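Both complexes shown next keep chain A, but they swap its partner, so chain B is in the first and chain C is in the second.
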Partner chain A sequence: MRHGVARFVTGFLALPVALYLFYVIWPFAQAAGYSVTDWGGYSDRQQFVGLENYIRLFSDELIRKAFWHNVFFLVTVPLFTIALALFLAFLLNVGGREDRAGIRGVFGSGLYKVIFFFPQVLSLVVVAVMWQQIYRADELGLINGVLMKIGLVDPENPIAFTNDPEPFLGVPAVLWWLLLIAVWSGAGFYMVLFSAAMQSIPKDVFEAAILDGAGRFHTFFRVTLPLLRDTVSVAWIYLGFIALDMYALVFVMTPSQGGPNHASEIFASVLNFTAFQKGQFGYACAMGVALAIFTILLAAAQLRITRRERIEY
Partner chain B sequence: MSATPDLNRRALLRRAAAAGLLTIPAAGLLSACAGSEPAQEQSSDAEKSKDNPFGVRDGSSVRVVIFNGGLGDQWAKEDEAIFKAKRPNVTVNMSSTQKIKTEEQPKMATRPSDVVMNSGADLMDISTLVNEGAIEPLEDLLAAPAWDSEGTVADTLLPGTVNDGTYQGKFYVVNVAYTVWGNWYNAALFEKEGWQPPKTFDEFFALAPKIKARGMAPYVYDAVHGYYPRWALMATIWKSAGRQAVIDIDNLKENAWKADGVLPALEAWEKLVKDKLLLPGQLDHTQSQQAWLDGKAAFIQVGTWLKNEMAETIPPGFEMKLSDYWSLGAGDKAPNDVYAGAGEGIVVPSKAPNKAAAKEFLRAVLSKEGSARFAELTTSLASTRGSGDNVQDSALASANELMSNAPQDLVSVKFWNFYADLDKESQNLSAELMAGRLTAQQFVDGMQGAANKVASDSSIKKQTRSA
Partner chain C sequence: MSTVTHDPGPVGPDLVPPARPTSARRFGPGGRRPGTQVFNGFSHLFLLVWAIMVVYPLIWVVMSALKSDAEVIRQPLSLIPETLRWENFGRAWTEGQLGDFFLNTVLVLAGSVTLTMLLGSMAAYVLARYEFPGNRLIYYMFLSGLTLPIYLAAVPLFKGVFNTGVVFPPLGPNKHLMLILVYVAWSLAFTVFFMHSFFRTLPNAIAEAGLVDGASHTRLFFSVMLPMAKPGLISIGIFNVLGQWNQWYLPTLLMQSVDGEPKNQVIAQGLIDLSVNQGYKSDWSGLFAGVTMAMLPVLIVYLVFQRQVQSGLTAGVGK
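And now, the complex of A and B:
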């Protein structure tokens, strides 16, 4: 009998596991293999060079710069996205007037939910085309055009947006403008995630809080947020991954994919340049492996720090 | 770890994968460093003859990938028809894309297409292709008889075409479009206002206030792609410092960027920026070209594909004309050299299964008939002589005129094809100079620094040019 079950399970699992190993794990292993060679990417010639590529990583100025830009996104993308998503979710679910019908969201919350979620269903190409028009750096750009009409921007000196390397709070302006797009497009999804989590909190908890005289502020920070801890923690990890990537946005929105003059260079853009332009696939694979190790460590640390006892209700 | 011993095992494992065995990835790990399966070549066993110089086999097929950018892909379809008329028994599988590198690079080491037009923003780095031995030298194509005229293929090409396709002493790249670069202006407007297109920066600086007085910006440029302004900067450097200075720059000669004449050329551009002669805003190529067509700026610099690229939005009465890049004046070493050359390169991968048919297809592309259709369809010159002779078009005619008055020497710059690092750095610094964030001196220092870094980097294979 037991033998039969094992065969049954194996029979079902064999194919998916094989596909997973072949299409997911195998390329990872290949990349790790290439990272200790000097493979150029266009031939089948390659030589084993040991850890040379990894040693080179540590003295590469561009990589260091890209690393700090990734760290910027790693801090800001989750922070702003989660803060905004939580705020919106709170308003839409429990932020409204409380009356006899109990706790509810603000007026028209159903409509807002759809609107806020909308960026999530747009493909990246659409998002890019749209934001290129919004950020266009002359009087035909949406933001520049409006600000010029009301006299806030000098027509001789329009805002350059993603073409602006000047630092703002010590970080190139282009990164802040990219951050805005990332938060805008990500907040909707996490709002829905947090909404679902909030709805699973029993209404009586909120009612009890209100009876005890808690305002919206206290309800949120003393009741809602602690009960959402698990969900927020998961969201933080997902957003961390997104922040470590950010490649698509940098690729479509910035001049010379990481510009102007390296001001928006990130790990992935340097990797892409090294692999495909410079033809140093081996070195590029080493970057990829380093990034993967960093990501795994980060996720592990994150889960460890936020691990607490779960509240059952 | 060497590639070859693992190949058979790898092939075996592939077959095992087909059988659905679970052991593949685990065992396959061992061959992580192995190369991929070699492509099986179709043998070209047909007899070579004057009419069939590469021995193309009837019944074989050839896969052609065309870059569908500013020139479109209709011209290639016409070439296909020309090819089919002579070789009806060879199947042509043609496709066009804008994502050359994305789609073709993964196939290069295993089973690439036979003919790849390596062009556009997403192209495969040409030096890497040459260094890796991934593309085929095409000397036999040059030596083959021309498709539909006297002499060899090489005899039919415009000056510079062979040189522009030559890397490390061998001809690898068939550049099909012949491009002339320079400053474009609206001849109708200039005639109406009585303005003369300037020949030197001083003349331009004298004309600029008049243009401004009419509510126009004197100049607009592409602020997003650094390689656009870079053409203009390098043309000025060539005119001012002379041909040898640019050859030295390409060859990474010590302090080449500090040679006489380089800095003054860049200072002219710095002055243009400082004097606020640019249209405000940071536009990309099509946006800036449209702004120029809309009469917001008097001059724009770009190549002869401009007309085709903007064909749909040219306002009525607008007369596009090309003039040469401005020189600095009396002290220039080569004030009249025109920036022209063959671009839009087509390559034949070394592992292409049907190289004979690939070369035969390229012979058809370079034919008199094919290139005439090319010029007609794209209003750009083809690299074959006489392609534009029968095309009625003011833009093409002005380019033709510029070429016929040009001295023998043509401005040509190689370093950005030689070294990806210098390509990136020069694009970045050109954009910074034009944005007014760098001075000419900082540009020179930055480029010299980048060149020194490449020169001393042993992981980068060095290239040289002599002409």
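And now, the complex of A and C:
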């Protein structure tokens, strides 16, 4: 019997573990190894250079830029997406008629949920190519076209969108335009998530609040929102990962994948540029390891900060 | 998980119970608070504005795909084409190679989604329900893949695939079978994580009864436990189909031509190529047609299975 179990366990695990080791774990381990060499990627010549690559990271102007751009997305993507999603969920669930049956969800809330979720099922690539057309810097672009028609934008001087490295509020404008796309495509998903969480709060909680004389705004901010804390903090962590992975947008939408003039570089774009354009694989791997450590620390920190006693109901 | 399977019916949740005497007394027989109408109107206005912001670009892309090139340039904003030019789709399908992209994507996904589900639930099941030395180690090994950035592995992964291809060509760069196995490996982390927690919740009594009745462990898994995990399988299945359909980084990295043979591109990769390399330089309507064709199947599947898709995708986060 024991022998049978061992054979069964091995048989079930062998293939998935082998695939995972070969295609996921082994490349990661190798990357960590290359990060202490000066391997160029095309030759077989590689020399051990110790921590030199890592030390170089700290004085690299491009990396510093990319780091702050990553931090920008890390703060703004979750902040704006969650704020908008909560606001939409609030309107959807609290904004309806108020009658003898209580405060209802707004009319047509089911339809709104279906529509708001659309961008989530679209590939980031489709979203990016589509927005590239919306953002076109001439009268063919959706936004420029509309604004020129109503006379708000001078046809000689259209909005440059992702070609615009000029700082806005201290951050290159191109990053704000990319942020808009990220929020556009994420808000609906988190709205559905928050909506579902709101509906799982038992009704007697609201009953008690109403009996105590709370209006819908008070009920939302004093009762609903605190009870959503768990869901919001999980959403924050997920959006943090998404924010680190803005590469698809940068890749498709910005000139020379990180431009103009490196105004939209993020870790991933610098890494790819260093590895495949400049042919410095060892150095690129060091960037990757740094990014991985950064990600893990961040996830741990977020888990720590957002952890609180769970409210059971 | 259970929190997201609520009926998202046409009317939202009743936030308060049916009878509410206190409030009715305080605000008169109608039970209406002052400002309700204004607030209600504001809700509708804002929701409507956001709905238009979501839907309008999508409709604009579809409609532009039906215009002639001249019309795209002359009247880029109009939503109604002068004549519906369906031939744009035909041109994108053949000359734009979208037909090839679709075929490649479907071939790869047929293999990779099936294998991901099978291998993922096998590993998750064993890890969740059998005690053996190394169990935690393997589980955490799978979990670690959720936090590591894929770009870190890019260079060695390509090198590994390239070297494998020298020994065994079907697993080299630009091969469907290779991409299937890579997709499976990279999808395992989340699939195992998700199904692990699912198999944990299944009752022990049924498994024991099965064993007492003389079923082997393998048979127990395939004919008892797997069917019981069906809701979880549907969720993670939808998640994997969408995730792998939309995957662009791995194919861009691995489906490169090595000896100058044409690339076997999948849909997301192909669209990037068309757009970044301006392969459609003068063919705007063709590019719009390509985007439309990549977008519509997913949207239609979503509209048909919207409840399952919503709960499937939010289940992973909402746990």
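The rule we apply is simple: the second predicted complex is superposed on the first by the 278 of 313 C-alpha atoms of A that agree within 3 Å, B and C clash if a C-alpha of one lies under 4 Å from a C-alpha of the other, contacts with A are read in each partner's own complex, and residues count from 1 in each chain.
The rule is short, and it goes like this: a residue touches a chain if its C-beta (ideal position, glycine included) is under 8 Å from a C-beta of that chain, and two chains touch if they have at least 3 such contacts.
Treat the numbers as computed from the prediction; the structure is a model and nothing was measured.
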{"item": "First (chain B), second (chain C), both or neither touched by A:I305", "value": "neither"}
{"item": "First, second, both or neither for A:N157, with chain B first and chain C second", "value": "first"}
{"item": "Touching partner for A:G279 - first (chain B), second (chain C), both, neither", "value": "first"}
{"item": "Chain B versus chain C as contact partner of A:L297, first or second or both or neither", "value": "neither"}
{"item": "Contacts of A:E139 with chain B and chain C, given as first, second, both or neither", "value": "both"}
{"item": "Touched partner set for A:S123, first chain B, second chain C, both or neither", "value": "second"}
{"item": "Contacts of A:A197 with chain B and chain C, given as first, second, both or neither", "value": "second"}
{"item": "Partner, of chain C and chain B, that touches more residues belonging to chain A", "value": "C"}
{"item": "Partner chain(s) touched by A:A208 [first = chain B, second = chain C, both, neither]", "value": "neither"}
{"item": "First, second, both or neither for A:F12, with chain B first and chain C second", "value": "second"}
{"item": "On chain A, the residue positions that both chain B and chain C contact, one per complex", "value": "15, 17, 22, 25-26, 30, 34, 41, 139"}
{"item": "Of chain A, residues touching chain B in the complex", "value": "14-15, 17-18, 21-22, 25-26, 29-30, 32-34, 36-38, 40-46, 48, 136-139, 144, 155-158, 160, 163, 165, 255-256, 259-262, 273, 276-280"}
{"item": "Chain B - residues contacting chain A, complex", "value": "1, 3, 17, 20, 22, 24-26, 28-29, 32-33, 35-36, 38, 101, 105, 108-109, 124-125, 127-129, 131-134, 223-226, 276, 279-283, 287, 291, 420-421, 423-424, 427-429, 431-432, 435, 437, 459"}
{"item": "Residues of chain A touching chain C in the complex", "value": "4-6, 8-9, 11-13, 15-17, 19-20, 22-28, 30-31, 34, 41, 87-88, 91-126, 128-134, 139-142, 145-146, 149, 184, 187-189, 192-193, 195-200, 203-204, 206-207, 210-211, 213, 215-216, 219, 231, 234-235, 238, 244-245, 247-248, 251-252, 267-268, 271-272, 275, 281, 284-285, 288-289, 291-292, 295-296, 299"}
{"item": "Residues of chain C defined as touching chain A within the complex", "value": "2-4, 6, 8-20, 22-24, 26, 31-33, 36, 39-40, 42-44, 46-47, 50-51, 53-55, 57-58, 60-61, 64, 72-73, 76-77, 119-120, 122-123, 125-127, 130, 132, 138, 141-142, 144-145, 147-149, 151-157, 159-160, 181-182, 184-186, 188-189, 192, 216-218, 221, 242, 245-246, 248-249, 267-269, 271-272, 275-276, 284, 287-288, 291, 294-295, 298-299, 301-303, 306, 309-310, 313-314, 317-319"}
